[in-house]
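There are two complexes below, and they share subunit A, which is joined by subunit B in the first and by subunit C in the second.
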Partner chain A sequence: MGDGRGGGSNRPAWLQQYELVGKIGEGTYGLVFLARLKPTHPQAAGRRGSPIAIKKFKQSKEGDGVSPTAIREIMLLREINHENVVKLVNVHINHADMSLYLAFDYAEHDLYEVIRHHREKLNLSINQYTVKSLLWQLLNGLNYLHSNWIIHRDLKPSNILVMGEGEEHGIIKIADFGLARIYQAPLKPLSDNGVVVTIWYRAPELLLGAKHYTSAVDMWAVGCIFAELLTLKPLFQGVEAKATPNPFQLDQLDKIFKVLGHPTVEKWPTLANLPCWQNDQQHIQGHKYENTGLHTIVHLPQKGPAFDLLSRMLEYDPRKRITAAQALEHEYFRMDPLPGRNALVPSQPGEKIVTYPVRPVDTSTDFEGTTSLQPTQPPSGNGPPGGQPVPRQIPRQMQQPMGGMQRMPPGANMGAFGAAPQAGMVGMNPGNIPMQRGAGGQSHPHQLRRKADQGMGMQNPGYPQQKRRF
Partner chain B sequence: GYLDHLVSKESSFCSADPSPSMASEDWFQCARRDTVRWILETRGHFGFSHRTAYVAIAYFDRFSLRRCVDRSVMPWAARLLAIACVSLAAKMDECQAPALSEFRADDDYDFSCDSIGRMEMLVLSTLDWRMGAVTPFDYLPCLSSRVRRFNGAGRGGGGGLIAVKAAALIFSAAEAASVLDYRPSTVAAVAILAATHGALTREPLESKISSLSPTCLLEKEDVYACYTMMLRDPSSPSKTAKRSASDRGDADSTYARLDAASFSVAAAMNNNKRVRLELPAVHR
Partner chain C sequence: MSDFQTSTHRERWIFQPQDLVNKWTTANRRSAEILAQYGTTRLKVDPVDGSISNPEPLPDHGTLVGSSSVKPLSCEEEQVMRIFYEQKIQEVCRAFKFPHKIQATAIIYFKRFYLQWSVMEHHPKHIMLTCVYASCKVEENHVSAEELGKGIQQDHQIILNNEMIVLKSLDFDLIVYAPYRSIEGFIDDMDDFCRAGNGAHQRLKDLHQTANSEVDTMMLTDAPLLYTPGQLALAALYKSNSALSVLDFERYLESVFSRQHFDCPVEQFIQIISSINHLVSQLQLPGTKEMRHADRKLKHCLDPSSSSHDDHKKKEKKSKHKSKRTASDAQLNS
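Let's turn to the complex of A and B:
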């Protein structure tokens, strides 16, 4: 694998540490590849052949230098250390075209695919243990982020990864921090980012143009995801108004109000101050929504804990909306079935175990995103069933093939800026930084073996009565 | 609360132990002062926040601790580094960062965008991508409101003026010595007190400090040293750097120092002020 793809020996040293399996995704940010650590990799000890997801950032516009999105995402990921948040293993700089490659621990599944599998293939709802465990872990990761004053801002099922078979089987990882913000950073409207963000999980205060929003926007998204795990359908499937530069999304608000009823200033006092509420008298304020009832959509008893938790997450007033820390204390998580560490495999004997499909891999694409003319066969176990070509669009980007990259002579770049020889320093090759985490700089190359987490001094609330679960 | 979170974070950005570095050398102190002044001018030019300028200075100081810039490539190397630091700080903190080409306008140097971009990469990797920074400006709103509450309204001309004075003091301290020398919370508290009360002797200073921030564990020695430095006449030559010059002896042998010759075009530009810097294009 990997040989004959992208120029062989001309590849930079960091790239030779990986065996490329293929492309597993693409978005506005760039491409994502699946690769495996070769035994020669400095971090490969004890984890030979570990699957790694490598996210290639698109080059920013010519002349703009390193993209702000990449800087912010990597900066955040460098500071984050939690079992339920994706782990950044390495950052590589390709000096030839100044592109960035981020290496993450690979997760085989995500909630988008899990939900789709149940809806389209199994025609069967997700069992209560799995729903509760997924939600519990999601809240656990989110509580950690919010305690560190980080707002994710783009939570949706496809950004919530679930680990495949292995030591971390069934553990969720919050991913994609491209829009995440540290509290102190300026909050510009999402529409200004030029990034396509789905509006289905967007909190009403954002849709109404709130300038100063809080971590409560993430909790709204969790509520939407909770409902989707229960029903296998997005809760509020609004049609995005693409033309408007303002945050106001009438159809999305309409979908929300039809289910949750008309928002009132009595229940949500700051509503009157929101720009879009003030400016839009005839559409929303003129309309009278009847409360059709959330409980009829999610099929939950109105007096039960699950419904209570869900409706607290979907509270209109962001100040009254339940926080991640409060949600973890909710009665729902204290009653049977209790949430567990492996969300995909319930411990109850006799329950059917669902086998989820592995991620389709496009093996015809190299690290640069160029497509080879003769696609190679997918490797066993990773390709789509039957080795059929992946039904995803293959980009034909006019980029330099890998042969254009050459190994950096050490120190040739920016030679005037020597490294002071201090302990723990980056060497002369700034392109290949082994990542150290947290303020203490402790690195965990054996993260897969790590059960508990101590990052950033955060308490990691254990699973409720976890003795029964493990 | 948020303040406690900031205090817990800021220690990771302070220089833990003063290590041998260029900081002890006079030529570097001059280059650093020029750089800080340029960063402050650039802040005004683009209308960046105070915080952005301070973050850029902090990047410059952290970079200088980790890498050595040879004297023979001054002053342009310091300017290129400063541009990269300001650009990165703007990308982190400003809603709209300027295009790299905008940094070339009416300046003494004409760096290509590619060179600035590569310098950004070098700064990012040298700083381990740890670009989050806590600055004194993060504490000012909270501290100045505490001062107002403590003193009653009116004293010192109101909160707005105090904040302006404090910002000026913070930047004059940043010009004098590395911003890594003192914790941002200390700098903020000292600046607020100096802006409100002017020069104080040690005892009243200590009592004011303890009334101002009982939660922040400010070290008294640090507070007094920082206060003295901040109120010193900036025009008088002084040894403000906490790091002593005693490390200088073996500095040359321990640094991975590279001379201008290793830089492809640097040799040709010694006497030419307006030069186009092309960093070695090793891949083409």
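Let's turn to the complex of A and C:
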């Protein structure tokens, strides 16, 4: 995979095959860029101008080489190939700072944005066909992973990409395998990897400190995502107890128990063996929860197949929880509307087609992630269209090279490709790369909105806190 | 990953014997040519883009063309060195009490690496350590480079410096299938096949252990680059069973073939098993003298000045020589 041997310039040969469009995401372990294969490059044959998402991994902890996150992601994605799993196209090495760049097929949307668009812009629920198709494809990809003994461990709306217009329009791609691992014959207990899964989507067995867990943790997350697709709100929005290595998360458990009722040893026999259940008699065992009823929250008839499927995904006992393979066979998917390949375009005529916004791109950055220090353009040019309550100045950390990233607010959302878009279509573009977005007349109504999510609570208090990683 | 059938291991890293010979010869020739041309085989790495280029000609090399006293390693000598350092991988892994799987993964990385490079281009000691380090990361048994370096009194920076070149040379195909797990599967299956009572249980356990150590030896041969882990496992079990006579192996093989789809008939499979075991019986572990000779030659190839008392160069390489002594010489002298 070529970062060719030639060339002694400052731009390695592999980099020259891409035209950088801009930065689309930023996370604890790196940056994500949008780029296009240059039409002149031989590899671009047949995929002329195809958009590529390039995820740059920083070195891991000081002095321990390539980050294990990058290793996991690469090793798994090199082996797997499925329509509903993101495709790793290439791996490049930047020898100057020993960082890795992973090139993926680009996906324009993700479930975080789709849900958000419906909640905040359209104020309209997602249509039945789209929900069902998204869910089916998610399960289809997950079934493939699980049958290959891979647990994703970090499923959440922002890690589930949806392809934009083109041949694969409306197809789901499960992304971000930085926490994924093979669970066949592990050399060490899985819990040694530390806490996994963003707290809202974390299965109760994890919250109660299970040492060994299975692919059922992914199915719990799917259940939470299913509910979120239906209601446009996260199902269990617990507040994370931070700065503790203890997996026990009282508030999150409290949120779950309030909806699903108190778990009992009768329904979940191995519950009694879970460390946190044993240790925390007072808080969780002592408290009696009224079962407020999942059906009232998701507004589904209790006897309908949709509710049946959802409640099987949210089964307390991981051994009784429905598997991806079983879920695909569920009655819900056999009745109208049937799930389809393009989840975003309903098959029935007359249905209103929703146009989802494209990903915002920060064009003020280069492939290193360093922001140009040239004077910024007035916001009128590339700034957000009026009427949005979003901050206009460049976030402070964007004005600094690389290092500034670590100062991101801890609650920051890492979106698609493992890192969320980070604000700001302002500033010059150092590589003189033509602006691909904004100028083309395509509307993109929400460029700066992620910033509002990043702990500022401007648009939607209570929605941040997407992710914690230890 | 349960599916070896669709793996990069099966698709890209199982070869025909002639492929291996070609690859080794190509790397060896390339390195010998570089040596003849530049007087050293140590490659120059561009600090900016990491591209690798031929070494700078030594200042006095011009006068030496054709009469260079430094001789390249032969393919056979390269093989001696590789086997020696593969044994080292096993030693290091034992010292750290790593699971078998890590050792196997590291050795397979090492083998794959030297399909593309000559030992004259990248010192096998450095690559060996980096392979162990990478294997630990991949198998979720993370050990820091520092810890690993400390444990065997090596500069951990060497491990880190080589990590990228190793990953890249592996083409980032990092999941490998070792025969140990296949053996486990077959032992379980044999348990059913024999409808084993208590006595047989113990004998199957012995068979398991013997087969595992058989695989340890097998890992030092070319077999892991030529055969699938399932084939290697059955070859090891076959050989161990001939010594222990736990079950009727051919009948067992037939039962396996009757239940599962295989690419070839039983007869051909038995042929494969005997080819693998032939490779094992042909394995020659490098002797002290042989190894010392090859090691000295390698030292001169990488650093010709070491033979001409060039103090300046010596100083530069000092730490490397020192560490080399602790690793190979200590072993050789023991």
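Quick notes
The criterion applied here is as follows: the second predicted complex is superposed on the first by the 346 of 470 C-alpha atoms of A that agree within 3 Å, B and C clash if a C-alpha of one lies under 4 Å from a C-alpha of the other, contacts with A are read in each partner's own complex, and residues count from 1 in each chain.
Operating definition for what follows: a residue touches a chain if its C-beta (ideal position, glycine included) is under 8 Å from a C-beta of that chain, and two chains touch if they have at least 3 such contacts.
Predicted model, so just to flag it, every value in this text is computed and none were measured.
If you count the residues of subunit A touched by subunit B and by subunit C, you find the higher number for B. By the touch criterion stated above, A:98 is placed in contact with subunit B and with subunit C alike. In the overlay built on the shared chain, the residue A:181 is in contact with subunit C alone; subunit B does not reach it.
Of the two partner chains placed by superposition, A:354 touches none, neither subunit B nor subunit C. After overlaying the two complexes on the shared chain, residue contacts for A:65 are found with subunit B and with subunit C alike.
Common to the subunit B and subunit C interfaces on subunit A are residues 63-66, 68, 71, 74-76, 78-79, 91, 93, 95-96, 98, 148-149, 182, 184-186, 188, 192.
Residue ranges on subunit A touching subunit C, taken from their complex, read 1, 3-13, 63-66, 68, 71, 74-76, 78-79, 81, 91, 93-96, 98, 147-150, 181-182, 184-188, 192-193.
For subunit A in complex with subunit B, the residues that touch the partner chain are 62-68, 71-72, 74-76, 78-79, 91, 93, 95-96, 98, 148-149, 182-186, 188, 192, 404-406, 408-409, 411-422, 425-426, 428, 430-431, 433, 435-436, 439, 457.
Interface residues of subunit B, counted against subunit A in their complex, comprise 2, 5, 8-9, 11-12, 19-21, 63, 65-70, 73, 77, 81, 84, 87-88, 91-95, 97, 99-101, 113-114, 116-122, 124-126, 128-132, 138, 254-258, 260, 262-263, 266, 279-280, 282-283. Remark: subunit C residues 1-3, 6-8, 45-53, 99, 101-102, 133-134, 137-142, 144-146, 159-160, 163-164, 167-168, 171-175, 181 touch subunit A in the complex.
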